[in-house]
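Scrolling down, you'll hit the structures one after another.
Next, two complexes with chain A in common: one pairs it with chain B, the other with chain C.
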Partner chain A sequence: MAIITISRGSYYMGKAVAEKVAEKLGYPLVSRDVLLEASERFRVPEIKLVRAIHDAPGILDRLSHSKQSYIAYIRAALAERAAAEGKLVYHGLAGHLLLTGLEQVLKVRVTADMQRRVAQEMERSNIGAQKAREILLKDDLQRRRWTKALYGVDPSDSSLYDLVVRIDKITVDQAVDFICEVAGNACFQATEKCRQKARDFALACRVKAALVEEWPNIRVACHYGNVIVYPKEREAKAGKLRKRLDQVCSALEGIHNVEIHRASQPPEDAV
Partner chain B sequence: MEPLTTEMILVMMMIGVAIFLFIVEWVRVDVVAILMMVVLPLLHLVTPKEAFIGLSSNAVVSIIAVIIIGAGLDRTGIINNLVTPVMKIAGKSASRVIIAISLTVAGISSFMQNIGAAALFLPAIQRISKMQNIPLSRLLMPIGFSAILGGTITLVGCSPLILLNDLLAPFNLAPFGLFDVTPIGLALVASGIACFILFGRWILPQGEDAGSDEKQSGSYDSQEVSDVGHLFELTTPEDFTHYRDPVLVRDLLERYLCNVVAITEPPDFKVISPDPEMEVHSGIDLVVYGKEEDVRRMAEEEGMILKDRLEIYKNEVDTSVSGRVEAVVAPRSYLIGKTLRELNFQDRFRVTPLAIYRQEETYRSEIHDIPLRVGDVISLFGTWKRLKSLQDAGGLLFNIPTETEYMRPEKAIWAGIWLVVSLTMIMGFKIQLSVALMTGALGMILSNVLTIDEAYQAVDWRTIFLLGGLIPLGIATEKTGTAAWIAHSVLNLIGNVSPIMLLSVIGILSTLFTLVISNVGATVLLVPLVVNMAMAANADPRMAALVVGLATSNSFMLPTHQVNALYMGPGRYRTVDFMKAGALVSVVFLVVMIVMIKLLYGV
Partner chain C sequence: MSIIIISADDRAAEGQIGGRTAEILGYGRLGPELLQEIAAKYGVEEGKLAEALEREPSLLRGMPPKKWYYYLSCIEAEVLERLAADKMVCWSLAAHLYVLGISHALRVRIISDIEQRAAALAEENGISLQRAQKILAKQQRQRVQWCQTAYGQDETDPALYDLVINLGQIDPDEAAATIAKAVGYRKFEPMTYSRKCLANLLLAAKVKTRLLETMSDIHVQSRDGRVVVTTKALKRDKQKKTLAIKELAGSVEGVDFVEVHINNDIFSEAAQSLR
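Let's turn to the complex of A and B:
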C-alpha cells in the first residue's frame, strides 16, 4: 500500500496516467476534491484555493500571507486523506511537496513532448501553434514561480522525484505498468511506523491550518501525538498562542501533549 | 500515713507545672524536660547527680543504640525488604497498613523491650508513609500504642511484668506463668488497634502529606503533583522483543514522554539514568518518570506490566540515593546557546533530564534540541553522587540536600549480623539491654554500615532529653514519698468496696502514676500497697498485683512513655494529640483489662 503523487503540467498526460494507475491498483484517486474538502472545512471559497495552488504569490499575497494559509488548508485536507486512506493516487500540482516527510510516498513526474502538448492545446482552444506554445510556456512559468516562491525549488528538477516518465516513446499504458510495478516495491509499502508518521503528519497539518492565519510563519511538528509548535520569537507574545493552541488541540483526537518551543530550530519534518 | 511535707507539695507542683507546660506548649516538650532537670536539683528535690542520671540510664542509652541500629538497617535496605511482605498484605489502605504493622510490632514487643521494637520500626514506618502517601501522623501513634500494648502479651514483654513475680514472692503468692497474661494482652492489643480503626478519623491528627520533610529541604517531590509526573516501575514480559523492532530508551521518551531513569541490563545489572540508545529487553524491570496517563498508555501499547509500587528498584530510586533537582542555567554558563544534545549532556553526567522550564512553559518533548538560555530551569533525575559531580562541573545552579545519605546495600549482611549479635546477647546471655544494643551499634560503625557522623545524626536529641529529663521527676516523686502518700490517700479514701471496684481503682491509680513516674517505679511502689489492700478487702491479692503490672503499661495520655516520646518528634504530634487519642485508649484499656480478668479469673 503506497501513496502515489503524480506531478504534471498542462497536457502532460499526467491525469490520464493517474486515473489508470488508481484504477489498476484499486486506489482512491484524489485531485481537485481535496480543494473542495478544504474549502468546506475551512470556509474558504474554492476559487481562492485554486488560485493559491496555481498562481505564484503576488506582492499583496506575500504581505498578507493569505497564500500560506490556503496552502496549509489544502495540505491539511490532503494529509488527512492520506492518513485515513493509507493508499491513494494524487495528481495535481505540488503533491510531492505537500506530502514531504512521508516515507512511503512514490513521487512521480510525468512530462510530455512539447510538440504534442502544443497540438493538444491548439485542438482544445482552437488557436494557432504560436499562441498555444505561448500559453503553455506561460503556464509552465507560473508553476515554476509558484514552487520557487513557496518551496524554493524548481518543479522540473528531477531530483525531487522518484520517477520521471516522459510520455512520448513510452505510452500511457506502459507508464502505468511501470509506475504500478515500482509502487509494489517494499520501500513504498506502509509499515506501522509509516502509518504513525502519516497520522502525526495529518495532526501537524491540522494544527498548522488552525494557526496559520494568525501566525503565518509558525511551524508545527508532531511525533507520536506529541505536538510542538515553533513560533517566530516575536510572534509568540503572551498567552494568546497557548490559549488558541489548547483550544485547537482539545478538539483534535490523538494529541497527547502540546508544547510551544520558542527560538528552537524546527525539525526537518515540521510543516 | 505520713504527713504531707513541703517537699511533697513542691514535687506535686512540679508535676503540675510539667503537665501544664506539656499541654499549653509555650516551650517544646523536650525543653520542659530540661527545665525539670535543672529546677529539681535547685529545689533540692533531687541531688545534682540524680538530676542528670537519666541521660546515662539504661533506657536512654538503649534508645540511642537502637536508633543507630535502626539507621544502619535502613541504610542497607534491610528495612525495605522487611516492609515489602507486610505491604503486599496491607496494600494501599491506611487501615490495613496500621493493622498489619501494629500486629507485627506488638508481636515483636511481646518478647523484647517496647522501645526497641518501636525504634526498630520507625524507619520502616517512615518509608511506608512515603511509599503509600499516608501521613506519618496517622501511622505512628497507633503503631506506638501497639508496641506498648504488645508488652502485655507475655510476662517478659515489659519491665513491670518481669518484676511482678519478684514482688509477689515476699507475700508467698503463687507466681504467674509466662503466658498467663497472654489472653488479656491480646485483647488489649486488639482493642487498641480497633480504637484507631474505628475512631482514628476523630482522634488522630489529619497530618500533612508524607514526605513533607523532603519538601522542606527542597530535594524531592515524589508524591506532590508534578508537571513531569512521578516514578513508576514496570516489567517487560518474556516475549517483549518478539516480532518487533528493538525498543530503545529514547523511543519511550519520544513516544510517551516517559523518561527511563533505571533499567535492568540482562541478566540483572541495574543501570541508573541509562543511555538513550540502550535497548529495552524482555523480562526486565524498568523505572520511568512520567505522567500517570502517559505511563499507562505506554504500558498498554507496548505490552508492559505496570506495578502498583516500586519493588525491584525501591532502594535505587529511594530519596536517600537519588532524586530530582531543578537546576538553573547560570549567567555566563558554558551551557548558554547550546542544546543538551550538543553538550552530550546525558552521556557525560549520567543524569536524566526530565523537563526544561522557560517562563511559564514546560518543555518535555525534544528537550535535547532546545538551545539553553540564562534562567532556564532544567529538571534532572539522578543519583545524588552524579548530581553532585554535575554541580561541581559548574554552569548550573542548584542545591543538593546536604543531608544526602548514601545507601549501602552491600553492607546488609553486616547490619544483619550485628542485629543478631545484639539480640543474642539480650535473649541468650541476659546481658543488659543498653550494653547489648550499644555493642550492635558499635559493630555497625566498625563494619562501615554507617559512619560515626551518620550515627550521631540519626539520633533524635529531642527524644533523649525528653526521657532523660523526666527520669529525675520520677525519682523526686518516689524519693520524697509523694507517690506513697498519694497511693495511701487514695486507697484510704475509697474505703471498703467490691473487689471489681477495688481493681478498677487500682487500675486508675496505676495509670495516673505511670503517666508521671516510670512504670517500674510505679510497680515497685504500688504492688506491696495493693496486695495489702486486697488482702484487707478480701479480694485476690494476685489479681490486684496483676492489675498494677498491666495498668502501668496504660501510658498513652502524655508523651512521657518512652515509645510516645520517641514517636512524638517524627509524627509531629502535640501533647493534645496524645491526650485526645490516649484518653480513649486508656479508658478502653481499663475496661478491657477488668473485663478480661473477670472472665478469666472470675474475680
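Let's turn to the complex of A and C:
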C-alpha cells in the first residue's frame, strides 16, 4: 500500500507508465480529475487551475498571489484523495511537491531522450522536427520556471525523487515492473502513523485552502487533529483571522483544537 | 552478461551497493582496489592515481595537467580492459563518464540524503552540523568541477543514467536488488555491435595512454583498428610529431592504421614569434 507520484514532462511516457502501474497494482489513477474536484469544491473555473499548474506565475500573479490560491486548492483536493484512498497513483506536474509532508510517498520521475520525444510530438502534431523540438523545449522551460517560482527547486533535480527511470533502454513495461517492485518495499507501506499523518496533512491543506485567498503567506500545520496556523506578523494583526479560522474549522470534521502562533517559525511539515 | 556502472555522491554507499549487486549477480567487482594493480603495471604511485580521481591538477601539489591526464588515461584503459570481459560491476573509477554509448552497460546513479551524510560526518569528526554541511557542499562543488575538467560531463545530469535511486527512503540492499533486476532486461544483453563499441573505446584508451606518456593535448578515436589521433603542434614540428604519433600508436596491439590530425597551436606560435 503506497502513494505513488509520477512526475514527467511532455512525451516522457510518464502517462503510459502511470496508467500501467495503477492497473498492475489495482490503485486508483489520479491526474486531471483532481483539478475537477478542486474546481467544483472551491468554485474556480478548471481552466484557471490548469493554467495555475502549468504556466509559470507572471508579474500580476505574483502581486495577486492568485496562483498560490489555485495551487492550494489543487493540493487540498489531492491530499484529501490521498488520505481517503490511502493508495493511489498520481501523475502530472509536481505531485512530489504537492504531497511534500506525507511519508509513504514513492516519488518517481520518468524521463526519455529528446529524440524520442521529438518523434512523438512530430507524429501527434504533424509538424517538422525543428518545430517539435522548439515546442518541447519551451514546455520544459515553462515547467522549470513554474517549479522554481513556486517551490524554489528545479524539477530535473534527481534528489527530489526516490527513483528516476529513463525510458530508452528500459521499456515502459520494465519501468512499470520496477516501480511496482519498489512500491512493495517495506518503507512505502502505510502504517497507522502514516495514515494519521495523511489525515492531518489533508486537514492542514483544507484549512490553508480556505485561508489562502485572504492570507496568501499563511502556513498551516496539523498534528493529531490539532491545527496550528502561522500567519506573518503583519497579517496576524487583522483580528478577522481568528473569526475566519473558527468558521472554517467548525465546518471541517476531525479538528480538535485550533491555535494561532504569531511570529514563530513554522515546522517543516507545515503546508 | 552485462556490465553495471554505479556512480554515487557518497563513496561509502557506492561501494556498499556495488559490492552487494556483484554478490547478488555473481559478477566481478571493479572498485578502487584496482588502482593498486594499475600503479604496479604503469610504475606510478597508487596515491597519485587516487588523487587524480578526486582532485583537479595543481602544480602546487605536484600534479601537473600532463601527468593528471596520463593517470586518468591509465585508469580508463585498465577499467575498459576489464569491462570488456563482461559480468562486471564497476564503481568509484569514474567509468560513468567515459563508458558512453555502450548499450549493454547499465548506468546507475545513487543519491544519498545530504542531511544524513552531514550528520554522519559531524559525528565522525566531532564537528558541528553546519561545518559538516559546508564541507559536503565544498566537496560537491569540487566534484562538479572535476567532472567538467576531466571529461566535460556533469555527473549529476540524470540523462547520463538509466536509473537514479535515492537512498533517502530506499534501503541500500533494496537498491542493489533493483539494479540486479534491471540488468536482466533484454536491452542490457551484450550484442556484437555493443561489444565492438566497447572494443573501440578500449583501443582508443590504450593508444591515448601510450601517447600521453610523452605528449600532451591528445584526443583519440578508434574504429575497427583504425585510429584517429587529434593533437596540436607548431607548424615546424608538424611532420616530426605526426611521425612520432604514428610510431607510438602503431606499436599498440590491435592498431591497423593511424591517422593524425594536427591543429595549429596558434597560441604557442604567436608567443614564439614575439620572442
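Everything below uses one rule, namely that the second predicted complex is superposed on the first by the 270 of 271 C-alpha atoms of A that agree within 3 Å, B and C clash if a C-alpha of one lies under 4 Å from a C-alpha of the other, contacts with A are read in each partner's own complex, and residues count from 1 in each chain.
What we mean here is this: contacts are C-beta pairs under 8 Å (C-beta built on N, C-alpha and C of every residue); 3 or more make two chains touch, one makes a residue touch a chain.
Quantities reported herein were computed from a predicted structural model and do not represent experimental measurements.
A.B. asks: One more residue to check, A:Val212. First (chain B), second (chain C), both or neither?
C.D. replies: neither
A.B. asks: Of the two partner chains, chain B (first) and chain C (second), which one does A:Tyr161 touch, if any: first, second, both, or neither?
C.D. replies: second
A.B. asks: Considering only the touch criterion stated at the top, classify A:Ile170 as touching first (chain B), second (chain C), both, or neither.
C.D. replies: A:Ile170 sits against chain C, while chain B stays out of touch.
A.B. asks: Any idea whether chain B or chain C touches more of chain A?
C.D. replies: C
A.B. asks: Which of the two partners, first being chain B and second being chain C, lies in contact with A:His223: first, second, both, or neither?
C.D. replies: first
A.B. asks: Given the touch rule stated above, what does A:Phe188 touch, chain B (first), chain C (second), both, or neither?
C.D. replies: It touches chain C, and chain B stays clear.
A.B. asks: Who does A:Asn257 touch here: chain B (first), chain C (second), both, or neither?
C.D. replies: Only chain B is touched by A:Asn257; chain C is not.
A.B. asks: Do chain B and chain C touch any of the same residues on chain A, and if so, which?
C.D. replies: none
A.B. asks: Help me check something: in the complex, which residues belonging to chain A touch chain B?
C.D. replies: Counting only chain A, the residues touching chain B are 193, 221, 223-224, 226, 228, 239, 242, 256-257, 259-265, 267.
A.B. asks: Report the residues of chain B in contact with chain A in the complex, numbered from low to high.
C.D. replies: Within the complex, chain B contacts chain A at residues 245, 254-257, 294, 297, 358, 360-366, 369-371, 373.
A.B. asks: In their complex, what parts of chain A are in touch with chain C?
C.D. replies: By the definition above, chain A touches chain C via 106, 109, 111, 113, 156, 158-159, 161-166, 168-171, 174, 177-178, 181-182, 185, 187-188.
A.B. asks: Okay, in this complex, where on chain C does chain A touch?
C.D. replies: 103, 106, 109, 111, 114, 156, 158-159, 161-166, 168-171, 174, 178, 181-182, 185, 187-188
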